[in-house]
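These notes open a run of structures that come right after.
Presented sequentially are two complexes of chain A, the first with chain B as partner and the second with chain C.
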Partner chain A sequence: MSILKSLGACLLALVLGTAAAAQNLSVDINQGVSRPLPIAIPDFATPSSASTPAGDTAALGGDVAEVITNDLESSGLFRPIDPLAFTTDVAMADVTAPSYPNWRTIGAQALVTGFVEAREDGSITVGCYLYDVFSQQALVRQGFNTQPRAWRRAAHKCADAVYSRLTGETGYFDSRIVYVSETGPATARIKRLAIMDQDGANHRFLTNGQNLVLTPRFAPNRDTLTYLSYAQNRPRIYLYDVETGQQRLVGDFPNMSFAPRFSPDGNTLVFSQARAGNTDIYTIDVSSGSVTRLTSAPGIDTAPSYSPDGRRITFESDRGGSQQIYVMNADGSDQRRISFGDGARYGTPVWSPRGDLIAFTKIGGGRFRIGVMRPDGSGERLLTESWADEGPTWSPNGRVIMFFRSRRGGGADLYSIDLTGVNERRVRTPLDGSDPAWSPLRP
Partner chain B sequence: MKSALTRSFAIGLLLSAAACAKNEEELPPPPPPQQPTATPTPAPTPTPTPVRDTVVPGSEEDFMRQVGSDRVFFAFDSSSLDAEAQDTLRRQAEWLKQYTNVTVTIEGHADERGTREYNLALGERRANAAATYLQQQGVAPSRISTISYGKERPAVEGSTEAAYAQNRRAVTVLSGAAAS
Partner chain C sequence: MRELRALTLSGGAHLALLAALSLSWSLMADDVVQVVEEPLEVDFVTIADAPTVTERPPPSLEAAPRELVEADPITEPDEAIAPETIPDLSIPNDPPPPEPKPEPQPDPKPKPAPPKKQELSTPVDKEVAVAERAREEDDFAEAITDSLPTKAQLSPIQQNTLVGLIRERIYKCWDPNAGGANASAIVTTLRVKAARDGTIIGRPTVVRQTGSASESFKRTARDAAIRAVLNPRCSLEGLPPDLYEGGWEDFTLNFDPKDL
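And then the complex of A and B:
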């Protein structure tokens, strides 16, 4: 057992032996839900039942399997088989030597097994194995050491390992969502920042609703947010540390500053500032506070978003007469319009973490829809169809988009859809939700 | 005991009912219905007594009464001031030039049919259009500030054109006005 790498303070990935290199089993990520892979995820075993602050290891084994099941199912690429169909439990000995015929008979093509073991130092190890039921090969053998209270993260890590091995893409399950929680009548809406795991667990409010807050976004470090707050009735950009709860104003601007987003290295914020009816795009160095103006066209230039290599910025502008998407170099040079759709308006461009696509909101024909196009404006594809879908944000692997859908007459909910445009799902939140932002994958 | 009580109570009720009936009989007959007059005389107009005006000059109430409106409305995705809006702002400016201790914040708003950040910018543009007009009418720029709420604070709930027309607005909010 060799330690692969240290994963922050609480999670440690281990390689449990060597997984088979060759494999035939795979999931075509571009096929969407048309043929999800049948996969069996029995409760994780435990070498010896022991109590932890998060519960007994035997009970945790069932909880971990459930989290993995929900993760994989939500991707639309997998069809977890109902545990009622299982012909056998998985004891500790079966974890590393599964009885393949038992899984083949119920139609499973892939099998995830694992265990939860309490360690003497108070931490737990979650072992995670993936098998190709037909070729009878182990495809994943990993272990994650964590404090018991972070067991869900270990489960997400296991789901990510399975997803990654079978799709060839990095996973996205061990990630978080920050969004704006909404309640109350439209004329006096109360909005609070809230954060939760990607699957809705560990939900927590970050602000108390006293001030209007909008458009939170993660820093690359995943623990810092930037957002717009109306504190003291002055709409300005703030930073928020998720761990400490500390906030600070960014810059000292005489006018409304808004639409903040981090650069990929986390050192710079790109944002908009409105002056005398003209909104332009600026950057500010987070530590020195030095400000650079990037656009100066008359009109509204806003909603900037960096390319993942940090060299370009996409934004929206109405300089041509209507709201459209543009791309420019990170220093503001070479500003070019890329959206030209049939009299429609385009806004909220967000560059994919893979760099290959820009997601946007398209407004036309009485509809607000989420779509994607290439950074040169070609290959436009609309993914959703609704009265008011808005504000896309990308999963860390660039395969899923979350957005919010406003209800006619008031209220809004979070939704996600994968790039194939078929696996649309409502994301459950305690109250209404808007302005979601997906974190990078956690370490 | 119980039945005796009940009985006497019942008797009491009967007696009082009889008393009522008797009283009613003794009431004078109702007055005959008034015949409608052939030529209705107009209701007498009360002589206009000079009511004491309770609206304090320089107050918000005074502003609303003299100007007529604290807000101007815009067309979809527009920050142009139409004739009606200019009229309203002209009256606002006249009032503000009378009460120079009053400062104003112009709040710019948008309807819900735009994206969040675009609408913040659009609201600022509308607030700025109103502020600029007030300045052109002679209100000192130092007395005017602006804020945009985008689509966050509609005046009217609902997803109808009528609601949107009310929500695309710039509202002049006074501070330092006289107490009413």
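And then the complex of A and C:
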């Protein structure tokens, strides 16, 4: 009897309970806003002011905060709060125990604090902390040891840690850009290879402009470049070691070679070569020099780019009568056209580091524009609206695309744009710039 | 004397110019600027212990399981520089979404062992049996009462009104844009408890998250939802007091970005 009653109570309670739960208020939020996250990045503190070759640690603390601020702001996803609005300085004790109300008052939702400390061996430690101001939680704690003159890298790493924790994506700030720096009249243009940090700092020239250079690309190891040089008026492929400054010719072919790019493992270069009036895609083993031909269709096959898993290659070809984008397996099999825009041409395809998209230059209606599509050709989306944008390159996390934009009066500049087509920004270079290539994230 | 010095200076300047030109010629010969770049390495190190939070964390956090923060946020570890993992991290991170709260079930109350019928021989035993039965009936009634909503119930119209009011407050502080591939498939459900003055009690708890995405994107989605609720600009202050009990004192929010 008691068992029956219990059972009855159970059933009745279940029914009523469900009804009660159904009545419990449940609110669907399927509308939101998109605005950069307000974030406060006060000057980094120092436990004791000490002099380093890069300046005093107290001054470095301000410099580090400034680099982080610029990085986060440039992503378009964050709105660093003007330090003039801060109601408090951050001393060493506040670094690990921030006073949340002070930051909530000025509208900060996230807070980055840190310190710069000189060590006995001459190096510095940059400590980096991220807090959620509303829930009063520590989200990131990361320390970086480095030589004082590499302080900018430590700052970029801190910005990457913050970006990564708050967006769910890997960062891209501790990376570099190699590009072709241009100067002089159109008839006697001097083109030099140049390299700089992603934010334009530490700019320097790698070649002095005697020979025309084109299409610099990073190796996965980030310290080797491949590029095209017209030494002795013949386009040939070179490797350049960024650390030692050494360069070497790759495969001394009798024919013109173009558009080299590394495979994801760095062991192979894929490039195009003109032989007997036909330009095809080839690979060369970087260490052994053995060459493999991948395409043989009549016409020009060029601008090859590997998928991040190294199993496929995208390239452009005019074999169908106009310049279009194709994909094939890394051994040259299964070649398929993927671009079919209404009468437009497509070129310079580059596979995203995430693997899910291919960026390209679309040529049509008298304009060159940057766009992306899926590797099967679906989902085409144009990101830029100018008249002469070309040469896309992906940020290491596949979230930002850099390219170059020609000016109507001559010359060109580097630009970057978010994958969503917003936050277009000019990338400052000392002279004109074209053909950028983004490095992988540095270790 | 002055001429001699001018001659010396001029000669020196010419020599310097000649040297500079020779140098630039030798550089141009191979077109490569011979600047050797020393590798600038950045090592990961352990820094100060988990920050001391001066304000007392909400009790729900205390009880929540804690997950370790990834030691190395850099996706591409380099062989040459082994990133040091940071030991003993105790940064309180988000608790994983708890299991959905079970519906109120009649709690089978611990009962004394049922009396054996054969032993109901004395009047005392009979009394015990009667008392036991009465208690069972009490339990039965209590179980039903427990399962009923204890708070005042809102009419459907009141509920609709309140849903609209809450939605209007919260959405302005929800930025679901962070996150990339598949992030739009993540639906985050929070349980929110509010005080009568509109302040949020404790930290909203994550009831569940659906959608296939990486853990980092899910964490970002949880953070974004919680930030929206805790943002003072989107406080519940001023919601109708008569809709508090059984209404906005304790409710759930489903953050669903798929239609955005």
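By definition in this document, the second predicted complex is superposed on the first by the 409 of 443 C-alpha atoms of A that agree within 3 Å, B and C clash if a C-alpha of one lies under 4 Å from a C-alpha of the other, contacts with A are read in each partner's own complex, and residues count from 1 in each chain.
The definition used in the following text is that a contact is a pair of C-beta atoms (placed from the backbone, for glycine too) under 8 Å apart; a residue touches a chain by one contact, two chains touch by 3 or more.
Note that the coordinates shown come from a computational prediction; the quantities given were computed from them, not determined experimentally.
Q: Based on the superposed arrangement, let me know which partner A:A150 touches: chain B (first), chain C (second), both, or neither?
A: In the superposed model, A:A150 contacts chain C only, not chain B.
Q: Taking the superposition on A as described, I'd like to know which of chain B and chain C A:R165 touches: first, second, both or neither.
A: second
Q: Contacts for A:T361 in the overlay, against chain B (first) and chain C (second): which applies, first, second, both or neither?
A: first
Q: Considering only touches as defined above, state whether A:V140 meets chain B (first), chain C (second), both or neither.
A: second
Q: In the overlay, work out which of chain B or chain C sits against more residues of chain A.
A: C
Q: Per the contact definition in the header, classify A:R189: touching chain B only (first), chain C only (second), both, or neither.
A: first
Q: Classify the contacts of A:A231 with the two partner chains as first (chain B alone), second (chain C alone), both, or neither.
A: In the superposed model, A:A231 contacts chain C only, not chain B.
Q: For A:R369, decide between first (touching chain B), second (touching chain C), both and neither.
A: neither
Q: Once chain A of both complexes is superposed, is A:S272 in touch with chain B (first), chain C (second), both, or neither?
A: Touch partner of A:S272: chain B, not chain C.
Q: Return the residues of chain A at which the contacts from chain B and from chain C coincide.
A: Correct list for chain A: none, the interfaces share no residue.
Q: So in the complex, which bits of chain B are touching chain A?
A: Within the complex, chain B touches chain A at residues 77, 79, 112-118, 120-122, 124-125, 128-129, 132, 147-149, 152-159.
Q: Which positions of chain A touch chain C when the two form their complex?
A: Counting only chain A, the residues touching chain C are 2, 5-6, 8-10, 12-14, 16-18, 20-21, 23-35, 37, 77, 95-100, 104, 109, 125, 127, 129, 131-132, 134-147, 149-150, 153-154, 157, 160-161, 164-171, 174, 204-211, 223, 229, 231, 240, 242-247, 354, 356, 396, 398-399, 440-443.
Q: Would you pull the chain C residues touching chain A in the complex into a rising list?
A: Within the complex, chain C contacts chain A at residues 24, 27-28, 30-55, 57, 69, 73-78, 80-81, 86, 89, 91-93, 103-106, 108, 111, 114, 133, 136-137, 139-140, 143-144, 146-149, 153-154, 159, 162-163, 166-167, 170-181, 183, 203, 214, 216-221, 223, 226-228, 230-232, 246-248, 250-260.
Q: Going by the contact rule set out above, which residues of chain A touch chain B in the complex?
A: Per the stated touch rule, the residues are 185-189, 191, 212, 214-215, 228, 233-235, 255-256, 258-259, 272, 274, 276-279, 300, 302-303, 316, 318, 322-323, 347-348, 361, 363, 368, 388, 390-391, 406, 408-410, 434-435.
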